[in-house]
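Note that the chains take the letters A, B, C, D, E and F in the order they are written out, and that residue 1 is the start of every chain.
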Amino acid sequence: MARILVINSNTTEGVTRRIAEAAAAATPPGAEVTTITAPFGLPLIVTRADWLVAGPATLAGLAAHRGGFDAAVVACFGDPGVEAAREMFDVPVIGISEAAFHAACLLGRRFGIVSFTAALRPMFEDCLERSGLAARCAGFRMGPAFAGDPGQVAEERRGLLLELVRASVEEDGAEVVILAGGPLAGVAATLQPEVSVPLVDGTVAGVRLAAALAGMAPARRAVRARPLSGYPEGLGRLYGG
Amino acid sequence: MARILVINSNTTEGVTRRIAEAAAAATPPGAEVTTITAPFGLPLIVTRADWLVAGPATLAGLAAHRGGFDAAVVACFGDPGVEAAREMFDVPVIGISEAAFHAACLLGRRFGIVSFTAALRPMFEDCLERSGLAARCAGFRMGPAFAGDPGQVAEERRGLLLELVRASVEEDGAEVVILAGGPLAGVAATLQPEVSVPLVDGTVAGVRLAAALAGMAPARRAVRARPLSGYPEGLGRLYGG
Amino acid sequence: MARILVINSNTTEGVTRRIAEAAAAATPPGAEVTTITAPFGLPLIVTRADWLVAGPATLAGLAAHRGGFDAAVVACFGDPGVEAAREMFDVPVIGISEAAFHAACLLGRRFGIVSFTAALRPMFEDCLERSGLAARCAGFRMGPAFAGDPGQVAEERRGLLLELVRASVEEDGAEVVILAGGPLAGVAATLQPEVSVPLVDGTVAGVRLAAALAGMAPARRAVRARPLSGYPEGLGRLYGG
Amino acid sequence: MARILVINSNTTEGVTRRIAEAAAAATPPGAEVTTITAPFGLPLIVTRADWLVAGPATLAGLAAHRGGFDAAVVACFGDPGVEAAREMFDVPVIGISEAAFHAACLLGRRFGIVSFTAALRPMFEDCLERSGLAARCAGFRMGPAFAGDPGQVAEERRGLLLELVRASVEEDGAEVVILAGGPLAGVAATLQPEVSVPLVDGTVAGVRLAAALAGMAPARRAVRARPLSGYPEGLGRLYGG
Amino acid sequence: MARILVINSNTTEGVTRRIAEAAAAATPPGAEVTTITAPFGLPLIVTRADWLVAGPATLAGLAAHRGGFDAAVVACFGDPGVEAAREMFDVPVIGISEAAFHAACLLGRRFGIVSFTAALRPMFEDCLERSGLAARCAGFRMGPAFAGDPGQVAEERRGLLLELVRASVEEDGAEVVILAGGPLAGVAATLQPEVSVPLVDGTVAGVRLAAALAGMAPARRAVRARPLSGYPEGLGRLYGG
Amino acid sequence: MARILVINSNTTEGVTRRIAEAAAAATPPGAEVTTITAPFGLPLIVTRADWLVAGPATLAGLAAHRGGFDAAVVACFGDPGVEAAREMFDVPVIGISEAAFHAACLLGRRFGIVSFTAALRPMFEDCLERSGLAARCAGFRMGPAFAGDPGQVAEERRGLLLELVRASVEEDGAEVVILAGGPLAGVAATLQPEVSVPLVDGTVAGVRLAAALAGMAPARRAVRARPLSGYPEGLGRLYGG
């Protein structure tokens, strides 16, 4: 039984619940998923600075469960802390944006990225570049600024999302479309019946790929024990060896 | 229960048996694997021309089982017929080289590619380029020409393979290493205990990722019915709608 | 006298006749052109799967004339079978899309690609990527779906084509424009008087470049004799040595 | 008088002193430099995980001096926290590795990167990729693992460094060479007399470019006030608006 | 006192005066700027051919002041003669377009390029490619053809420029915007109050970066003495050793 | 009868004679070749500065024969003046290095570049980048510095050249090899019998491709009449309209 730990990198419990639901729906046979919330940090991750402070929080969350999971999923678009975690843990750690990119590539030649608000674009562009897959991206299609309740955006902007998906397919030539951004977790499944190309949900892709890779040792260098100051004790213990 | 169809794109039954063993060892809970042999073509796939003629043979093999699988794996480095199959079937079709590349990216930043003979390099370079992941490849390390029995190469060249893996990690900076080429199916697991970075086996990666993506519809365009001549009837039926 | 063999990769004789006319008009002094039809396959090549099955058919067509030509042109956008043919024959084999890309680069810094229907774009993008020249492409401008007679599209969409060329030059910054797609063979010459940048026709470029390279030995590796099953005898003989 | 704040992203005061000396030697007329130490974190930054935890520490160090500087230099190869700081502060913030890359590009076509130990290569590769300048890099030349006192490495490995620089120029074609890594701060000036191409020191480049850009407002998005938990108060105040 | 020589690569004295004003406003403490006009060539540089003939003229202008400057700025978008000058002079030589690109990268992740007329785009694209920074460019936004007095274009098209900057930021995602083209020298400062992202002026960036790099020896190969015919004597002397 | 004008961009008549011989041997039926020497400039082109001053000299040489040729070949590796000439003349103008790159791409997937001395590498790298084909280059193999008579280098270094070609093919994976550099004009044909992959000679490729493209109008923008000072009259007339 592969134990998958999913961590919400922000501190909002409501978001964690939504992620847990999407993860549960995606859990493959032979795996069990536990979803946790970052132990500190910010209630919402939007900017590069947010991404940065969410990274150590994500590491600390994983550290608190060290030894208790066979693979981890960082359920925050932008994948904060993922590459650092790969150095620190002996199991695969996968971010939901990289999971979405790689899954999309296995489903079609070029993928579009759709989200409800352009405010997320710089962070998405950063992680797309980091993945090395920019040449396989057919382009971004994002909605305007959104000031409402993120928990409602999927419903309020359902029509807009379908229109953006259509533009990605017909105008940009996307053969697969990724629905990106935390508040859209689980939305792909509800829109799929109206769309002719595969819709990829990062949380689903993350859980599925983490289960698939469990047992393949991660890339990892030996950690040299060093004192870490200014962070919660659990994170420091990771550095203690 | 996800039904995974694995196809050996060459016509050699002995190779199919070795693939079937590696696939069986990698089958995740909730999946079942059937391994078949290409219905026609060549006994060994080495060159780009080989790759080309193996493509329709692979399509024909899949066509003969149409409707009987939830995801397919093309178990031939170079991924012959994979992109064509994505257009023709309603389920995910994954090649073992692209599977290896994407899995490697999720396990470390840069991957090395190791194989027993440089004769395979042009075809590997082609599929690396096609994946768009060349920037994440730390380089190739390949042995000299091999004229012996491919079924014995893994044992005969075990020491060489370990040396090539070491060079990939220490000299090229690889954080993950792919063991590429059909005759190395299943070898990664036997070398892993002596290597400090993850070793990726294409067949294992292919089966795991196919199971992970089963149920996500593939990219696909409607096929316009057209007469196909000169190929076995089963392939023609794919074009008949 | 350089003998140029031009092959239409689909099975439609009417298309072969149009290609033969365009090739004849482009034949340089000291060359003679023979145009043939693929011996099997599909009546029209549109998708990646079509491209794949057209490849062995193209090889077989060339094999039937082996030793009788000094250079070959594969007159099908997408260049099916070209890289395989380079391994199997001792003379240059050139595809009309790569010919168009390279000729365009020698005529201006950035080239636009114009065609009558967006349905061809995925295959064109594939071969553009394969050529390595994507950075020199100013973009695609394609018309909407076309359900009529391909033989009439050049006339029916003449105005649209001129408008797409204009957009490519004025909005995308193209300094040369390629008119792509089999049904547009020979059309560049008729539109050129109304356009201020060079228009490149793939068939013309293919014939001219093939004649130019005749006598320069192609890249080629020795073929190891192997039995090929499931294909017409002529193709198998290529593998027999 | 432009006030330049230089921050050492690790917590070792001895390193800060060395950086302060190199910065003082590089201070242009009309600028004054203050060098500080990260208020928390690690004594040495080597891995990607180190880079991550050093980021918020760097932000916090800058936040403690907010309003008191006209440009900042993050004096740690890898540039931890720099892109986040650009969003949070109204003045230019420059990392010493990006400074070295951009300065090198203005002094020659292709730059080599030399350092005393290959252990730093992954972090350097990451920031090279991030800069977008990989195509202008002639390659890395790094020494073997170093277990001694970093404060002595410049002297102990002087001969090795000169040899690596020579190889970068003569074998890799570098027209400029960057001496990378904190312990090499100030070393370029002492080796320059024996080298025919420009040697670039990140600290020098960082201070010079920060002074040059002071007064040009940085890229910045309005920060939405949000509660930040788990970090020292000063960092939280950045998020308070 | 760093002596910065700024050269206008065209022969129009009025343009030299405008550049001299912008350069004076940007001169940092401890530097003094002298602005000169190319000794021969064309009154305006627009095309690639213009760029070419302006190159030797720029070299000749610098040669006439050899030994009298510590760094040079080629104040012509397109940077004619800059890479050649780097081989011939012992001091840094910087072009205003590369200066703008590198400065922009230090101020934000992706930069837009705005100019008053699309006629300049091919030359800008050439130098962007040459810089290697195309991946960090968010796109071009250029006005239509301009047939009026270049000296007036900044005022006449002020509204248009602001609109193009807005589109670059809001539609293309630029985090910094470069105002490109000789006639826009000094304009960035006047528009900056109405724009929320940094505006970069090539002349300002060039002067600032030249002062910053003064004293860092340029990349340079020994010049083998050879007779140069057909050019003014001063240029020939450069080749005399 | 296509009239091909070949210009040697340096001022050494002996080199012109060697080029004329190689061009004559490559002239296809229906073409006639005239070879001229640059009217001014340098006796040998090695550096980027050389390249720059050779550009206007090349333009001037072509201008003196304006109207008297149907296509031109710039027979100097580095292609000085070629892109400028494309704007100024109504016929195709092709450089021998771009001709070699494009011809090589049509003969095999990846090409190696071999020359007798590494001193030429920076200029070759520049033109490779400019062509956009760097991804298809398998690498450079160059001999050491050469101080002897360039006219003798082909014979003196015949053994070295064969060894470099072998390394390019066997170690770098080149499927085609370009013999680059003026003094190697005509050498490919003499080495070909001992080499199993195609050897490409720039002069041969240039003449053949120029003949192939004659009659296809080049990319060209209308030239605005402007006074050009400091250059020979013939060049000024090009600018006069």
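In this section, a residue touches a chain if its C-beta (ideal position, glycine included) is under 8 Å from a C-beta of that chain, and two chains touch if they have at least 3 such contacts.
What you are looking at is a predicted structure, and each value in this text was computed from that prediction instead of being measured.
> On the document's contact criterion, could you list the chains that touch chain D and likewise touch chain F?
For chain D paired with chain F, the chains in contact with each are B, E, in label order.
> What is the minimum number of touch steps required to go from chain A to chain E?
1
> Work out the mean Cα position per chain and let me know which chain is farthest from chain C.
The most remote chain is D.
> Counting only C-alpha atoms to place each centre, which chain is farthest from chain A?
F
> Express in whole angstrom the distance between the two chain centres, defined as the mean CA positions of chain C and chain F.
The computed centroid separation for chain C versus chain F comes out at 27 Å.
> Averaging only over C-alpha atoms, locate the centres of chain B and chain E and give their separation in whole Å.
52
> By residue number and range, which residues of chain A touch two or more other chains?
Residues 83, 86, 109, 129, 135, 175.
> Check the chains against each other and report every pair that touches.
So, checking each combination of chains, I get A-B, A-C, A-D, A-E, B-C, B-D, B-F, C-E, C-F, D-E, D-F, E-F as the touching pairs.
> Going by the contact rule set out above, which residues of chain A touch chain E in the complex?
118, 121-122, 125-126, 129, 134
> Would you tell me which residues of chain A are touching chain B in their complex?
Chain A reaches chain B through residues 28-31, 83, 86, 92, 94, 98-99, 102-103, 105-109, 131-133, 135-136, 175-176, 192, 196-198, 200, 204, 208-209, 211-213, 216-220.
> Inside the complex, what are the residues of chain E that reach chain F?
Of all residues in chain E, those touching chain F are 11, 39-44, 46-49, 51-53, 55-57, 59-60, 81, 83-88, 129-130, 221, 223-224, 226-232, 235, 238-239.
> Please output the residues of chain B touching chain D within their complex, sorted ascending.
Residue positions touching the partner: 109-110, 135, 173, 175.
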